[in-house]
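In this document, chain identifiers A, B, C and D correspond to the written order of the chains, with residue numbering beginning at 1 in each.
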Amino acid sequence: MTAKNYAKDYKPMDLLAVAAAKEVEDGDVVFAGTGLPMLAILLAQLTHAPSAVCIYEAGTVDGRAPDIPTSVGDARCAYQASIAAGLTETFYGSLHSGYVDLAFLGGAECDKYGNVNCTVIGDYRSPAKRFTGSGGNPDINSFARRTVFIMVQEKRRFKEHVDYITSPGWRIPKWPSGEYVPKKEVYGKFYKGGPVAIISNMAVFRFDEDGIMYLDTVHPGFTPEQVKDNCSFDLNISRCRGETETPTVEEIEILYNKVDPEGIFLP
Amino acid sequence: MTAKNYAKDYKPMDLLAVAAAKEVEDGDVVFAGTGLPMLAILLAQLTHAPSAVCIYEAGTVDGRAPDIPTSVGDARCAYQASIAAGLTETFYGSLHSGYVDLAFLGGAECDKYGNVNCTVIGDYRSPAKRFTGSGGNPDINSFARRTVFIMVQEKRRFKEHVDYITSPGWRIPKWPSGEYVPKKEVYGKFYKGGPVAIISNMAVFRFDEDGIMYLDTVHPGFTPEQVKDNCSFDLNISRCRGETETPTVEEIEILYNKVDPEGIFLP
Amino acid sequence: MGVPKKITLKEAAGLIKDGDMLTFSGFTIWRRPMALIYEIVRQGKKDLHLFEVNGGTHTEVLAGAGCVKIWESSWVGHELYGKVGECLGRGQVEGKIITEDYSHAQCVARILAGAYGLPFFPTALSMGTDILNPEFDMLKRAGLRDGSNPKIPQKKYEIVKDPFYDMGELLLMPAVNADWALIYASQVGTEGTVRVFSQTYTDTEVIKAADKVIVLAEEIVPETYIRQEPEKNIAAGFAVDYIVECPWGAHPTGSQFFYDVDADFTREFYKASKSQEAFDKWAEEWVFGVSSHEEYLDKLGMTRLMKLKANSVMGYSTTVKRGTR
Amino acid sequence: MGVPKKITLKEAAGLIKDGDMLTFSGFTIWRRPMALIYEIVRQGKKDLHLFEVNGGTHTEVLAGAGCVKIWESSWVGHELYGKVGECLGRGQVEGKIITEDYSHAQCVARILAGAYGLPFFPTALSMGTDILNPEFDMLKRAGLRDGSNPKIPQKKYEIVKDPFYDMGELLLMPAVNADWALIYASQVGTEGTVRVFSQTYTDTEVIKAADKVIVLAEEIVPETYIRQEPEKNIAAGFAVDYIVECPWGAHPTGSQFFYDVDADFTREFYKASKSQEAFDKWAEEWVFGVSSHEEYLDKLGMTRLMKLKANSVMGYSTTVKRGTR
């Protein structure tokens, strides 16, 4: 193995895609959504994880189109796929069935337990603003063994309490009482795992033994303190390992020439 | 319409197939098993019910093979079928979903409520003899709007109490107590219908308002009293309408030349 | 039940009554019965109750036109071409549209139960979320869970314990059986057998779960052809009530092997969807300003549509410009 | 998880331990993994726990050879070629085989639950039958519902009330997750994608529901070929653990588009199955008397097998004599 040839020029988006791709282990069954998750899984397949398999929730398993899909429901997802079926297959036959190792997800807000909101701003009953709604986010997050969130870092997005828990982190309400308990207590023997990382435009976060978020690495150009300042909750920065590894020339080359040559997600 | 040209020569099996075919109404969605039911539905499609549709529980809908299937799992069932899928489709997507109008079923024993046994002789817990087991008989019988049983007439088969209720008639045990109640009480709003006829080698039976079997017609060559003698329970023969209509020359011709030219079920 | 009846788009929309519950084929911006959606708007249907596994451009057109009273779903947006559902969001914020949120897979559970004639379907997905917060049961808050509307279950969900293997708690999700399934399908046989290309999404389940089914067919093909590969079909003729032959009937949403999503059209719509005034103007041009689906296609024009046309081997357009390079 | 491992029939059977729970592909006398069944008998496996949606010739071979301890299913027989399961029946009457009866669709519910990782699946089918008689719960009578065997649910079924639409009572059926799914498939891609021709029976669900999966492939084909029509495939490579390439591996059961059921062979077997002595003689000849699947095929002979060969257009043999005319 030769020394890595790091790229001098790269965009924040490139770093995110590369950092996300590193979360993929070879052989993983990955549930991915539109956008950055697609870049990450495709890059991983073309580098260190050639036998990782990608499931798109609209119904396809391991598609191999020469052109990157624009959405998970795209015809491109089905090209040279192993399976083209529907949501019953992906959500129940694959996810609920226990096959999924890793998933990439997004969100508008998160708290320190990795609870994520992608539903509303304000009081749910009379919201100030609606987002898209949950989609498959909480489904995938509840049953994949490892999930990785990709989010925009802002103080108002990394919150003490999210306005609405769309997707379950490590401490969640157990209904009907709504008491907050560890995820395992809600999921019983269905428990498989949960969020292992959040990748923002400033840093990579992971979760400690108590399911509390801490700073793992900062992206070049940022300091741990800056990251802490961009969280509303008291972020643990004591475990920071240093800087996030930057993209190599080869990774950038693959991203721009093989994964997204049309410039759909990497303009 | 010209007068019917009744066949002078026919076998008991022919009469059964013709009588069963008459239970099919045009446009019916029919669930059929191997053997006589296949003859009946195919004959019906070639005569008065061209748009009846046949579902075989192994996974096909409305197959149109030039050759009669030997079993419901046969490759022949899938030829020019509308759907070739599996048992989830037929049992849940078709039957439980409420599409099935009519079904043909068999059994080793029945009682006057149309409860049918195709599981054991003797005490279930230490049986003297096992039959095939239920197969889809009780499933289909519980959810088709009308079911027709085709059975061998013997005193020991038309019983006061069957050794085991494999398939639910009009008065059935409601568990966990096991109290006998009308079918509607067990099935609640799932209730759709139940057995409307039993066709034996001696007669056609139907069910009265209380779900009790009565003699409807006797096949030529038998008297109502003979039929009654071949039942262990006290058969109501007061409503007998006369003789079962016999096969026409055309029906025999279709059965032997179009439906089963190979002589599989009509040797 | 016989062969489904062939009718026109206008007749199809005419069958739907104010207040009816609708559900749809497709996925976000793919295979939506758009031509019928436009006609429903033209005919001014009101108070519609939508259940959909996920929403998309069709939802926004209906919501923008003021046709929607209740929306039960998990998601709405236009994927890359418009991040959120602005019309629906406006209706929700203004309190004009009652929203009942479920997760995506919980919606699948609901439609599966409906398809199979079951009152519920179990799932352990998305427990521990505010989707299950009893305070956020909006149909209950609106007093609509009293059993008087047969299309609204008496509870949003139920928590039960596994009695068999001590797995713990899981959820039962109530069935959905809409009055109407509005389906866009790739091909329909002359006797009504339905086929969709590539992913099936939840189309199979949606058809089975509805009381009545209208299918917009991109093509009507010989029944003997569609039966040569019965494993590719999703519904038999007896499961369909009405058929409308309607090429390009899914535009601006995409249809695998026929045409891609019209990204520019969708972006333009999304821009318009951000205010009621702009939406109304858009609708005046693209819905009320054309009297038929054919006029709509002519207005779009051949050049534009040919760019979207799918390559017949790949299943998607290889000529449409998608990105910046 | 990567690509499934290619192994031999002997290795495949060697993986199965005494007492393991097995389930199978196919339907009655179609697409059963017969070559592997024979090898399991040759290797003298004992105390097997079978769950199958329905039984067939393979069940009878295992039961006759004394391999079966528990049988949970709905049906056993050889269709037209042998009306009941004589070997299994003998084991049941003699009390050597514990039988748990479910209806056919209840078995489907059980395997569906297993496939979807659910502890149960609801059904309203076959209520009011002796299948539900608490006195006839044979695993409970045998003391096996105490939770100590993770493959045996603590209850045979559960009765629940619909909380959503007041439909009344219905049943919950416990999941099945066997140790092994033994599958015969028409084609498997070089990376493990599985396809079966014509009806899929419950093969899709059986694969998903089992802890480990062995697939006997009639043919191994290029992965790029099998992915040209992904809508026809039933499982991805990551769902399969082992593959054995084994042409004619389903004989004497049938395989759509490859060969018909061997009616004469099955009738002969059925005759032999009626007494233990005759069965033993049959097994001496057809199971223990041949050392490999190839030897078994040679013993059957080319003439016989060619009669069974399917017409490639129709999917079934058009030359085999089926009836009396």
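Rule of thumb we're sticking to: contacts are C-beta pairs under 8 Å (C-beta built on N, C-alpha and C of every residue); 3 or more make two chains touch, one makes a residue touch a chain.
What you see is a predicted model; the values in this text were computed from it and never measured.
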Count of steps on the shortest touching-chain route from chain B to chain C?
1
Could you work out how far the Cα centre of chain B sits from that of chain D, in whole Å?
27
Calculate how many whole Å lie between the centre of chain C and the centre of chain D, each centre taken as the average of the chain's C-alpha atoms.
39
When the centre of a chain is set as the mean of its C-alpha atoms, what distance in Å lies between chain A and chain B?
56
Among the residues of chain C, which are close enough to touch at least two other chains?
117-118, 123-124, 165-167, 170, 198, 200, 204, 231
Could you list which residues of chain A touch at least two other chains?
60, 78, 84-85, 92, 96, 190
Can you tell me, using the touch rule above, whether these chains form a line, ring, star, complete graph or other shape?
other
Which pairs of chains touch each other?
A-C, A-D, B-C, B-D, C-D
Per the touch rule above, chain B residues touching chain C in the complex are 26-27, 29, 51, 53, 60-64, 78, 80-85, 92-93, 96-99, 190
Which residues of chain A touch chain C in the complex?
34-35, 57-60, 65, 67, 70-79, 84-88, 91-92, 95-96, 119, 124-139, 142-143, 164-168, 172-176, 178, 183, 186-190, 260-265, 267
What residues of chain D sit close enough to touch chain C in their complex?
117-124, 147, 150, 153-155, 158, 160, 162-167, 170, 172, 174-175, 198, 200, 229, 231-232
State the interface residues of chain C toward chain B in the complex, per the touch definition above.
1-3, 115-118, 189, 191, 193, 204, 208, 224, 227-228, 230-231, 233-239
Can you list the residues on chain C that touch chain A in the complex?
26-30, 53-55, 73-77, 79-80, 83-85, 88-89, 92-93, 95, 99, 101-106, 108, 112, 123-136, 138, 141, 159, 165-170, 197-205, 254, 256-257, 260-261, 263, 310, 314-316, 318, 322-325
